[in-house]
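Both of the next two complexes hold chain A, though its partner changes from chain B to chain C.
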Partner chain A sequence: MTGQTSKPRDLKAISPWQRLLVLTMATFTIAPFAPLIIQSLAFRWAWPNILPTVWWHEQRERSPFPLAWDYVFSPSSRVGEATINTLGIGIAVTLLCLLICLPAARVLAQRNFHGKSQLEFLIALPLLLPEAAIGIALLMIFIALGLAGTYAGVIVVHLIPTIPYMVRMLTAVYQGHGTEAEDHARILGANRSQIFFRVTLPMILPGVIAGCLFTFLVSTNLFLLTFFIGQGHIITLPTLLFAKISGGALDATGAGIALIASIPGIILLIFTDRFIRNYPLAE
Partner chain B sequence: MQRTKPLIRQMLLASTLAVVSWSGVAQAMNAPGVFRSEFLKGNLGWEDVTARAREEGSVNFYYWGGSDIINLWVDQVATPALAAEGVRLNPVRITATKDTVDVVIAELAAGRGEEQGSVDLVWVNGENFYSLKQQNALWGAFANRLPNSVNFEWDENDPRSLLNLRDFGVKTGFQEMPWSGEQYVCSVNRAHVSAENTPATFAQLKTYLEANPGKFTYVKPPHYLGNTFVQSVLYAHNPDGTGAEPYQKSFEELGSVELARLMEPGIEYLKSIEPLLLGGASGKPRYPENSGELDNLFLNSEVHFNCKFGVFGNHNGLITGAYPEQAEEMIFPAGNMIKNKNYLAVPLNSPHPAAALVAINYFSSVEAQATKLKTAGMPVGLDLWRLSEEEAAEIATSAPPHYGVTQQQLDDNIAPDTNASLVDVIEATWLAVIERKEDKPLADIVAQVSGELNN
Partner chain C sequence: MPKALSAHSNISASPAFMQNLRDIAEITPLLVVLLGLFGGAVVLGILQSFGYAPWFGINEFPTTQYFERLWFSSDFWVSLGLTLYYGFAATLIGLVISVPLSIALSKKFKSSRLFGALTRLPLMVPYTVGIALALVMLGNGGLFSRISAGLGLIDDPSQFVRVLKSHWGYGIIAVYVWKQVPFMTLTLSAVLARKGEDTVEAAMVLGASSRQIFWRVTLPQIMPGIVSASLICFAFNIGAFEAPLILGGGYPDTLPVLAWRYFQDANYAFQLQGMAVVVSLALVSGVFLGAYLLGYRRWERARGRV
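Let's look at the complex of A and B:
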């Protein structure tokens, strides 16, 4: 975007070694999706056949019930409700998390105080605790607070594993920028909100976007905490998916739901990637 | 005079009290717990229950949501049928029933008592029911008091009532209603195994595996499917030739020495087939963790047989594509095909208990059981001999087909489940002998694991 230097080089122009690395990375990213897509279109797919012996569309007319994508798109699969819940909760969690973490990260990055490193360590602790270990204890607390089984409760509980990511991400960008630009703005007479919206935010925006992306992805993948605090009433794509794959094998509808569950993340990744690359202040 | 005055006063007082308490009851019918105690005392008619159910409006039904065909039946058949009775069915699909049991117990511990919980109805059996019962988390004895209770055998003197009164040997106490009766049935892939080569006994299975090593495995205990396989091996190898009979006793009645003596030949058999199981040739037999994994091995022809609970498991596997095209049922192990039931229970803190009873009553109807059988491939939980001829015929015509065997053959080879107190000991013994390869006399191992379980 900025001049001739960043003109993309032809894939052939890079060394064979680099090409191999790119190919390996591409395999690791794309490979899991290929069998998932085939599985979602299969009726009977047995080893060692590379492709299903009977496809969904061949069995469709004969089947006494909706198969594969017919089931995924039928109201009985409850995929629609789950998608809306997943997105809504994910967005709410991301915004709340950002609101909490922006000031916290600023303090952690720009101020020095007693016990700061210990505090940074403590903030990371929730990442180390398995959901299963804290789910029931949290449920009892949430029942006492009257939050169990509510959207508010699920959103609050999703903040627990997402705040550490967001804080780390934002602390890093704040540290990368220092306070000089803000000081200049203050000297020139800008007030606090002007400084924040005109100076600070544009500077740290790529970090904010990356933090939001992580938060959203973590939130939309939480199963056990969502189930416990939502008491099963609040269905999200992960809770649907877990109910499907508990048998140990992924059938066509399970694969279909898994693909749907990955769509919001993919769209978001593409969007943020574009945004960060085209961002004028990005290095 | 002096005597009559206090008498009149007493009578007056008593009648006032009666009026006050009666109106109190009428008002307090909506207070938490009153509906439950009045119903359990037998003070309420079915019309009172249905009226209250319509007031409550909805019922939260927690059930394992891993099967598309069951989900479709719940959505397309049960939900509209209950809506017609004024109750909105709210199906909550869960991954593991244990999670729901945990939710109920946590709610009770957090002080969410009667009518303040979140679960109205849960599909359970075995140890999950046992946990709810142990924690006093069940609503009460309702199963013999619903209009459709007539479809079940409750007479203790009739041995056929056993599966309605005992869940893995634990007394149900009418606190859960039978919902479906399952049997441990094996399927065979006819692409690899001819009818004359199909084993009917464990000895024949071993012969088959000697010719075709690695083509069989069973789900790993402590999964209930694995436990069931081990139990059927023990029944068949009972040194007294009395099959399942001694395994109906509790551990206390039987004692560890006697149990070890009964188990010895069966455990020896399990040890002897280990090298012949999937992966056994390389010294690492592979036991799948659950039925989904075993289904996959069966579909991929890695094994030739698939044993699990499911009278119509073969049919369901064929219509969902989970089984190979040439899968057929087989009678194996002859005479020792374990049968049990699964149930619907109401937790103590159910927020809509009347609606839960109405839902259970519907689920126990001939109509619901017949459609569930037909579309979800779930065997009926009610007892056919309790039905009228037309009703029994309706059930019979709704049944999905069998492949290679008849319903009569399946019925002829039924064996009862093992007493719940023995299940844990047998499971721990398997883990010690087969998984950890402990090389000690079996009696010592049984004594040791039972001692550990009791502490």
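Let's look at the complex of A and C:
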């Protein structure tokens, strides 16, 4: 009689209020993208028309390609550079974060020691202090160290908001599978690297993938720390979009850049949702 | 003595000592990064806000003049009030939506996975995209303004109600809620999935009403998730910079924007003033965090869980 054994019911199985809530939230989430897409394809969109006055394809002979997208894909928009930066920094941060957190998570999951709860609080602290406070104080240090405005500086500062999630997800995985399999392998004469690559890693792999995906996600979406530490020299998709809309208005090219900045997240959502779905991000 | 050691202590040479050494070696990189980055930032921030900045030729340590100048100006308190208002309002609205949403999505209906994935989209895109969406929906030339013109309510963009660029911060709160409901819902859904439906079904069999089940069974179960998710979102909201800067009402700004303006000033001495803003912000968030955790502990103890 548990939820798993009963057959999935259709949407009408939940109460009308819950149905209304789910549908409203889905609309609230998705619907705003419609005017964004329309805006990026409009040639002219005068107020108060709900749809553009002139669509781009009505002006085909003047511009064979939607104007906004023509600009977005041209080198002068720097979208290509920002995309490469965003993905490259994301991958570097993910690998570095994994390297730092994987051994620490094993210790946290399998050992008991004095000050463990204090250490766990310290690890969660970057999420609980305002990002602006950390970012500005770090900027002063990074300027002194010559790290401000460099890739190294941005990658290191991205560790701050990603480490808490990575440690949490990896610790949960290590706690889930215990140490029996490793003990057996050790008794059977496997050496340390064999144990790690043949026994431990395959067992914790789903958790490692989930942690890496979420770290990558946080890094690619990060604005404030990139903006502060990057000093305008390192352009990522979020900072490029910020520069475009910081005046408080959104034109067709801004709409195009916003759509480009959403693409990594949409791809991750489609292909990796099942990895991330079942991990408590905070508790 | 760690439990895992007992199984193989007779195999390796001096297992306990070696194992401890290895544990320490494995946790050191994390400690170095956390203490180096985080501890460094905290120490430097506090030193600088008390007047220690020899690299600008300023060394008045210890002086409280920067805090005094800040705390005795009424603008600071307005800024603090705005910062806290945006943070509280967005976190509260987010919770009110995501608690029932996660419960609804935990019931397995035919398209629950699809709806779950759809409502998770904002988690995957940057805040700046959310801000762009707010501009295109809520701005004076935005979709809602066009719709109200279509309904004959207004006949000029400037007549549209000031949703953005107002100190009420509807736009800021809308972006925070849009972005954070998925985070809260995902956290709560994971907690709900692990707890299972057994206790809810037991309560149902014993004749509890759905209201009783919510308040007496489900809510206490997901409370740890609610506490940490709302803490993280609140801390983020009061430290966020881009949404208040673009969608806010301008001067007086929220504290992060105020601090950034001090840092962008050509006069280096203002950076110390900015650091005093940053330290004040961290202090305020620390106080609220501590009070919230204390209240939660007391609540748990009253329920006899701790």
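Following the convention adopted for this analysis, the second predicted complex is superposed on the first by the 211 of 283 C-alpha atoms of A that agree within 3 Å, B and C clash if a C-alpha of one lies under 4 Å from a C-alpha of the other, contacts with A are read in each partner's own complex, and residues count from 1 in each chain.
Simple rule for what comes next: a residue touches a chain if its C-beta (ideal position, glycine included) is under 8 Å from a C-beta of that chain, and two chains touch if they have at least 3 such contacts.
This is a predicted model, so every value here is computed, not measured.
Trainee: I'd like to know which partner A:A181 touches here: chain B for first, chain C for second, both or neither.
Mentor: A:A181 contacts neither chain B nor chain C.
Trainee: Would you check which partner chain A:Q110 touches, where first means chain B only, second means chain C only, and both and neither mean what they say?
Mentor: second
Trainee: Look at A:L95 in the shared chain and tell me whether it touches chain B only, chain C only, both, or neither; answer first, second, both or neither.
Mentor: After superposition on chain A, A:L95 lies in contact with neither partner.
Trainee: Quick check on the superposed pair: does A:I136 touch chain B, chain C, both, or neither? Answer first, second, both or neither.
Mentor: A:I136 sits against chain B and chain C alike.
Trainee: Give one of first, second, both or neither to describe whether A:M203 is in contact with chain B, with chain C, with both, or with none.
Mentor: A:M203: touches no partner chain.
Trainee: After the superposition on A, what does A:T253 contact: first (chain B), second (chain C), both or neither?
Mentor: first
Trainee: Give one of first, second, both or neither to describe whether A:A144 is in contact with chain B, with chain C, with both, or with none.
Mentor: After superposing on A, A:A144 lies in contact with both chain B and chain C.
Trainee: Name the contact category of A:L41: first (chain B only), second (chain C only), both, or neither.
Mentor: Touch status of A:L41: no partner.
Trainee: Going by the contact rule stated at the top, is it chain B or chain C that touches a larger number of residues on chain A?
Mentor: Answer, by number of touched residues of chain A: C.
Trainee: For A:N221 in the superposed arrangement: first (chain B), second (chain C), both or neither?
Mentor: In the superposed model, A:N221 contacts chain C only, not chain B.
Trainee: Per the definitions at the top, what is the overlap between the chain A residues touching chain B and those touching chain C?
Mentor: 47-48, 136, 139-140, 144, 227, 239, 242, 245-246, 248-249
Trainee: List the residues on chain B that touch chain A in their complex, please.
Mentor: Residues 60, 62, 64-66, 68-69, 71-72, 75-76, 90, 92-96, 99-100, 102-103, 106-107, 109-112, 118-119, 288-293, 295-296, 299-302, 319-322, 324-325, 375.
Trainee: Taking the touch rule as given, give the residues of chain A at its contact with chain C in the complex, in rising order.
Mentor: Contacts found on chain A: 1-3, 6, 8-11, 13-14, 17-19, 21-22, 25-26, 28-30, 32-33, 35-36, 39, 47-50, 99-101, 103-104, 106-108, 110-113, 119, 122-123, 125-134, 136-141, 144, 156-157, 159-160, 163, 167, 179, 183, 186-187, 217, 220-224, 227, 237-239, 241-242, 245-246, 248-250, 254-255, 258, 261-262, 264-266, 268-269, 273, 276-283.
Trainee: Flag every residue of chain C that touches chain A in the complex, lowest number first.
Mentor: 2, 4, 7-8, 11, 23, 25-27, 29-31, 33-34, 37-38, 40-42, 44-45, 48, 55, 97, 100-101, 103-112, 115-129, 131-137, 139, 141-143, 145-147, 149-150, 157, 164-165, 178, 181-183, 186-187, 189-191, 193-194, 196-198, 201, 224-225, 228-229, 231-232, 235-236, 238-242, 245-247, 255-256, 259-260, 263, 271, 274-275, 278-279, 281-282, 285-286, 289
Trainee: What does chain A use to touch chain B in their complex?
Mentor: By the definition above, chain A touches chain B via 42-48, 53-54, 59, 63-67, 71, 74-78, 136, 139-140, 143-144, 148-149, 227-228, 231-233, 235, 239-240, 242-249, 251-253.
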